[in-house]
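The chains carry the letters A, B, C and D, assigned in the order they are written, with residues numbered from 1 in each.
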Amino acid sequence: MYEDSVPDTVRQFMAERDWQQFHTPENLAKSISIEAAELLECFQWGDADLESAKDELADVLTYCMLLADKLELDPDTIILEKLAKTREKYPVDKARGTSVKYDQL
Amino acid sequence: MYEDSVPDTVRQFMAERDWQQFHTPENLAKSISIEAAELLECFQWGDADLESAKDELADVLTYCMLLADKLELDPDTIILEKLAKTREKYPVDKARGTSVKYDQL
Amino acid sequence: MYEDSVPDTVRQFMAERDWQQFHTPENLAKSISIEAAELLECFQWGDADLESAKDELADVLTYCMLLADKLELDPDTIILEKLAKTREKYPVDKARGTSVKYDQL
Amino acid sequence: MYEDSVPDTVRQFMAERDWQQFHTPENLAKSISIEAAELLECFQWGDADLESAKDELADVLTYCMLLADKLELDPDTIILEKLAKTREKYPVDKARGTSVKYDQL
């Protein structure tokens, strides 16, 4: 049995609705910020609405997937490449156990 | 040869620095919003800094992965579950080719 | 002695640099989100960097002023008009002492 | 006839509902980001919903006012103080007509 990958399912969902026309990189970047704020809203007053957080996190991830697609980036690859840079900026011996920024380490 | 998964690599990176202590769901939600805005900054004035966008998208994805981890959610599962809800709110025959919100369709 | 109002001072600052060309309503809305996230960053890990928060709050306010200008809105007027709407959605007897949303009151 | 200032009206609105208890600096910073994203949503797909933008801008301004209050900051003063810093970072002769960041001027 053939099963579509998640990115394929998302792409097909968008194609059926002819929504790719709205998905410029800039509009997707705005959408990621908008959905990220809806996720933050689940924690606005110190309480936590985890059921809603699940849906909003899914929205952020979906728009991230669409932007990666649009920019022809592989999510796993860019995560690992960025992690390599962060590794240099935050060496274990300096960064261990602290949340201060690299320029103040 | 054994190769760590991307989530495992990220988890190990955080563990080495003892940073999980900062990763409450709320702090991660804030971090996703913060990184999403840094991504948006790559498109602030209509121009596009795609090289920086790659790194910022990676940051958003990394914090999303950490939040999913923390909430014990599988990214692919929640994306598909949310897509099913969106499918109902935006039926193809009504939503095709338009960017208006479901409550105005 | 004549002293410019704050909005006049901000307008003059922008005019001297010929920056109004970048200040479309959409670019200003993006900028408000970007600066709001920099403000949020002062509270990212539960600590609070209040000295930086002051500057970032100033940036949010400045872009809000520019957007109000662009849309020909008076800040005080729209604050009071919105407050009137919120007053109806959150009557004192129902909303007192709770942070739940109006549709769940 | 006595007329309350806008900040006084907002303060009274909050006091009547006993909402100041929720208004920690961090919660207000989150709220500013959340409302800023709702403002951005008015420009999400390139169209512009200016009627909604008015209300969302009012929400951003209201939370900014509450945060300034909480941190005992005068909005006009911090705007002018920040503008003085920006003036140094972006001298007219270098910054005129360009949107590039100060570290690339």
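Observations
The rule is simple: a contact is a pair of C-beta atoms (placed from the backbone, for glycine too) under 8 Å apart; a residue touches a chain by one contact, two chains touch by 3 or more.
The shown structure was predicted, so the numbers you read here are calculated from the model rather than taken from an experiment.
Note on A-B: across the candidates B-D, C-D or B-C, the interface recurring with over half of the contact pairs conserved by residue number is C-D.
The chain pair A-C and the chain pair C-D differ in C-beta contact count, and the higher one is C-D. Averaging C-alpha coordinates per chain places the centre of chain A 26 Å away from that of chain C.
One inter-chain figure worth recording: chain C and chain D are separated by 2 Å, centre to centre, where each centre is the mean of the chain's CA atoms.
Annotation for chain D: residues touching 2 or more other chains are 22, 30, 33, 36-37, 40, 43-46, 99. Residues 6, 9-10, 13, 16-19, 21-22, 25-26, 29-30, 32-33, 36-37, 39-40, 42-43, 46, 48, 50, 53-55, 57-62, 64-65, 67-68, 71, 73, 75-76, 78-83, 85-87, 90, 92, 95-97, 99 of chain B touch chain A in their complex.
Chain D makes touch with chain B in their complex at residues 30, 33, 37, 44-45, 47, 99. Residues 22, 24, 27, 30-31, 33-34, 36-38, 40-41, 43-46 of chain A are the ones that touch chain D when the two sit in their complex.
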